[in-house]
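Below are the structure tokens for one structure; questions will follow.
Labels for the chains are A, B, C and D, by order of writing; each one numbers its residues from 1.
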Amino acid sequence: MPETSPHSAGINDGTDTYSYLGPAGTFTEAALAQVPEAQGRAWRAVNNVGEALADVADGRSVAAMIAIENSVDGGVSATQDALASVPGLRIIGEYLVPVNFVLVARRGTTLDDVRTINAHPVAYAQCHLWLESALPDHGHIPATSNVTAASTLLENAAADAAIAPPGIESRLDLVVLAEDIGDNPNAVTRFVLVARTTSIPAPTGADKTSLVVELPEDRAGALLDMLEQFATRGVNLSLIQSRPIGDALGRYRFVIDADGHVLDERMADALLGLRRFSPKVQFLGSYPRADKQPIEFTSRYDDEIFIEARDWLRGILGGEPEA
Amino acid sequence: MPETSPHSAGINDGTDTYSYLGPAGTFTEAALAQVPEAQGRAWRAVNNVGEALADVADGRSVAAMIAIENSVDGGVSATQDALASVPGLRIIGEYLVPVNFVLVARRGTTLDDVRTINAHPVAYAQCHLWLESALPDHGHIPATSNVTAASTLLENAAADAAIAPPGIESRLDLVVLAEDIGDNPNAVTRFVLVARTTSIPAPTGADKTSLVVELPEDRAGALLDMLEQFATRGVNLSLIQSRPIGDALGRYRFVIDADGHVLDERMADALLGLRRFSPKVQFLGSYPRADKQPIEFTSRYDDEIFIEARDWLRGILGGEPEA
Amino acid sequence: MPETSPHSAGINDGTDTYSYLGPAGTFTEAALAQVPEAQGRAWRAVNNVGEALADVADGRSVAAMIAIENSVDGGVSATQDALASVPGLRIIGEYLVPVNFVLVARRGTTLDDVRTINAHPVAYAQCHLWLESALPDHGHIPATSNVTAASTLLENAAADAAIAPPGIESRLDLVVLAEDIGDNPNAVTRFVLVARTTSIPAPTGADKTSLVVELPEDRAGALLDMLEQFATRGVNLSLIQSRPIGDALGRYRFVIDADGHVLDERMADALLGLRRFSPKVQFLGSYPRADKQPIEFTSRYDDEIFIEARDWLRGILGGEPEA
Amino acid sequence: MPETSPHSAGINDGTDTYSYLGPAGTFTEAALAQVPEAQGRAWRAVNNVGEALADVADGRSVAAMIAIENSVDGGVSATQDALASVPGLRIIGEYLVPVNFVLVARRGTTLDDVRTINAHPVAYAQCHLWLESALPDHGHIPATSNVTAASTLLENAAADAAIAPPGIESRLDLVVLAEDIGDNPNAVTRFVLVARTTSIPAPTGADKTSLVVELPEDRAGALLDMLEQFATRGVNLSLIQSRPIGDALGRYRFVIDADGHVLDERMADALLGLRRFSPKVQFLGSYPRADKQPIEFTSRYDDEIFIEARDWLRGILGGEPEA
């Protein structure tokens, strides 16, 4: 059963609670720690993305922090599919957490003693090279989270060591056998904060819009047509991920992050084009980018250009002679 | 000086006058005869397209009939350039006139006597094959209109025969030496009726929209970008004609006829896209097609699709949760 | 250490061995059972995709069967990434295996007794709905394969039941508590047979070509440009999957299955266009489709059309006058 | 009957003769004067483009100089249509002639005396502004060439003045009443030298390729498809002109000048794509540009890129493992 963390302050009617993949110490908790509004509120550790989104959908939490993409491992399928299937949710913020790992063990264990390792499968995959070289003959026991992998060491002796997030030794009575064991020193995980609110964060000039789009039919060029809706309005994509719809092989929906805000004229127009192209398009939100990098686009797609064109057309329809 | 024809009925303050390329008997007059509203009004015969459009621009005429395209000879450049440069004009109707020719001469002349032929250059070109075969050694004197070519025969003897529209023998004291001498039996000329009004004829489902578009810059793919504005909205083009802007070789504007009416959602959206693409786009009018052929387009571009998309976006922006 | 199965017949120098994700009883073994050439050879059960491909790359096996896509769960990232990074491999065949699951337990256990379930994460996810409804309060212990999930029940009592492939009860001393517990009755997994050979299976008219393409630069429209290489040659895609390159967020390579064979003119030309577009394109093979569905394409992309065009150009370059 | 000019030197069996629109003094003659190979040969003045091309087709001339585009008036339709319909011709060179005009008259005439003007219709149109302002009440008699317009003044008194090329006063006993009367001081006419040879001038890096392409069918997007054949190979167009095929309204062929030489890989590939797209494509020649401006294109379309791609594909088909 999920527990609310000591961050909790005051009554817990859901409007004051944030859900995240627990237990305390996970990268998800580190992402939640970046949210100013979440400070001093109740933090509710849950077991998986589905639970986190259900908390929001059912009103038990005001928002949930969930991992959506990893620079090494790619899109988090479970998150993408959940966002596509739970209605009424909106992404309201994006957060980046550098991802690195340590190998921890019970006091008294040395690296030479390690035969079997507890590790979450994603973490395990990301430490592949180090493990190959340092512990070529180890065995692997999968865990449900990076923190659980470590804490299980204290419960039973099935494994000798665990892959865990840095800092775990301050929470659990374990020793660090090796640091920086991730294969990619630049690895980073992208998290999103999901809420039930339908009010959209104001544009900042450095925004992102997330969508799920199902191709309207299985014909050659449907994907091309979809992408042109963005390209012809100068909207760049930072993520495109195909996900099976699930009813048959070869049928996909696409999870898309597009540069810009729905209140930008070019994005609004792209969404109109997209919606006409496919009735099955889901708006997941417009929100500030974690990297605060302003969106670049050619002046051809400025808001004024759109407004001028509308004024021009209105003039034609309204019977004004052209200048 | 232009003369108003016996069609005239009542005062001639311009609101009651139609201009056309005269003199009486031209194909242009035949086009004007197809306009119900022009019956019983004053018809003003002018010498060229520039004069006809100036009549409209200056209020001397309520409308002018001008040739815009010939199935054999192509777009009438003078008309296209004039429409592109005289502001405030609108095409309000389209008319087709089959084009054929007769060879006429003064009484007493036989085909064997013919050495020199009066002919408007376009008519001359369209009878090329017949002339090559029947009169291989003839000379050519250019004329300013098909009717003038014939009437000049009665003024001087520089030419022995003239190429003229069928029926000319009922107006002028001439004999027909040969009929159906045009190379292409299906030749047809397309005329448009141009007015200063800014009210747009109501959509009929079989409409055409005429535009002049200047490419925004001389870069690879600009023409492609322009055409995509139509293609991505399912709008087909029935005419595209490049015309030099005139300031340098290789700089063009395009005269375009697009299938559909500006009050069709897909056309309005294409015009918005076009205007954003190039500020130099000129709307020449939406009007019923002469051939009354209903416009075909896939249901993907139905008006309702556009309206639904707008409602959907409005819902998002207005804070409604998605269904 | 991997074991070779009783299918083994004769010496095992690698030219006679097929690797697959074991142990016996997995869906991967069911896929391998569909390969006529593999009958009567040694079957080598390995622990993961990386091991299977290493067997092939190092010559320990002549081929390896690996799962590449699941109709519910999507592309198998590990397989896609491994194929993209191990050079010299080719896909030579494709196989489909319907995927369903049973819940098994030690003799004497009833459904009411089940508190904790062993399951491979993918299988667990695919039985989500049934588990929610039949066992809402269960716990989950991850396993490394569907067969291991079941066999572990016989080794320790940490779990009460396991999700396993149908038929497991004939191999292990377990009872079936529930059948057909997968959420999607049409679920199917797609497997490919990977070899080191560079000879390409002959075209059958029902072929598939697999590629990995890295976008050449991070600019708007690069993906669009890539897709146009296929679209302008009438080549349809049955799979497109973005995978992070791994060096930074937002940098992707694409795993692609295209309809047709590299010996089809249109496909060869698309590959040329693709290679010019990006030097980082990897050809993974052309091979018969598992569903034997002939590829449909408009006659505009027939082989003869390509050959005629080449002949025409050769005529021009060779100085022949055009017909 | 055409006359051969005093440039003539030696026997006139056609291999030594150049045809041009005469008489001597025309802009076409000025273009021919730019051709080194034509110096010291026979120059044959003809009456129109058709005659000039027939001279070449029938072997009476080795080449013909013809006007193909005017910066003010656009493509010369007669030339474009003739090139599209006479088989076996090739453009082998391009020449530019600045176009300006003078007003000439018989000795003793002053500007105030001018009532009627002889002028070729194109020249007349290009002096429109000056005539409007200086001689608002004049009449116009059409002439078949700019030189004829002037020489006719000496034959009869139907006109008082003529529009003619600068320098005409050195050939004919006339006086210049006004200079630089063309509306556009930068007006230039583009000429091409047409031969029957099928050997293609060597690439210079500053070349042009001329084509005539008929759209394969009357469907939305056919023109777009055609243009993409160039765009996807980085080939820019310097001319695109629609011409009616002549069989029905709305049916067009396109006259195209593309930047580059058929021996450039990207152009050869574009021609292959074009020929597959439409069997009705006519190659009119690759030849050095008159302006000697080197063609710019991104390195993505370098010859080596094409060659590398072919080598790569050959490696795949030939059974070589990929590097």
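Everything below uses one rule, namely that a residue touches a chain if its C-beta (ideal position, glycine included) is under 8 Å from a C-beta of that chain, and two chains touch if they have at least 3 such contacts.
Small disclaimer: the values here were computed from a predicted structure and weren't measured.
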Quiz item: When you check each chain against chain A and chain C, which touch both of them?
Solution: none
Quiz item: Just curious, how far off is chain B from chain A if you go by their C-alpha centres, in Å?
Solution: 59
Quiz item: For chain B and chain D, what's the span in angstrom between their mean Cα positions?
Solution: 26
Exercise. Please set out, as single numbers or ranges, the residues of chain D touching at least two other chains.
Key: 228
Quiz prompt | Contact pairs between chains, per stated definition | solution = A-B, A-C, B-D, C-D
Quiz item: What residues of chain C sit close enough to touch chain A in their complex?
Solution: 69-75, 77-78, 96, 121, 125, 128, 140, 142-144, 184, 186, 188, 190, 220-221, 223-224, 227-228, 231, 234-244, 246-250, 252
Quiz prompt | Residues on chain A engaged by chain B in the complex (per definition of touch) | solution = 87-88, 196, 198-200, 225, 228-229, 232, 262-263, 268, 271-273, 275-277, 279, 282-283, 300-301, 305-306, 308-310, 312-313, 316-317, 319-323
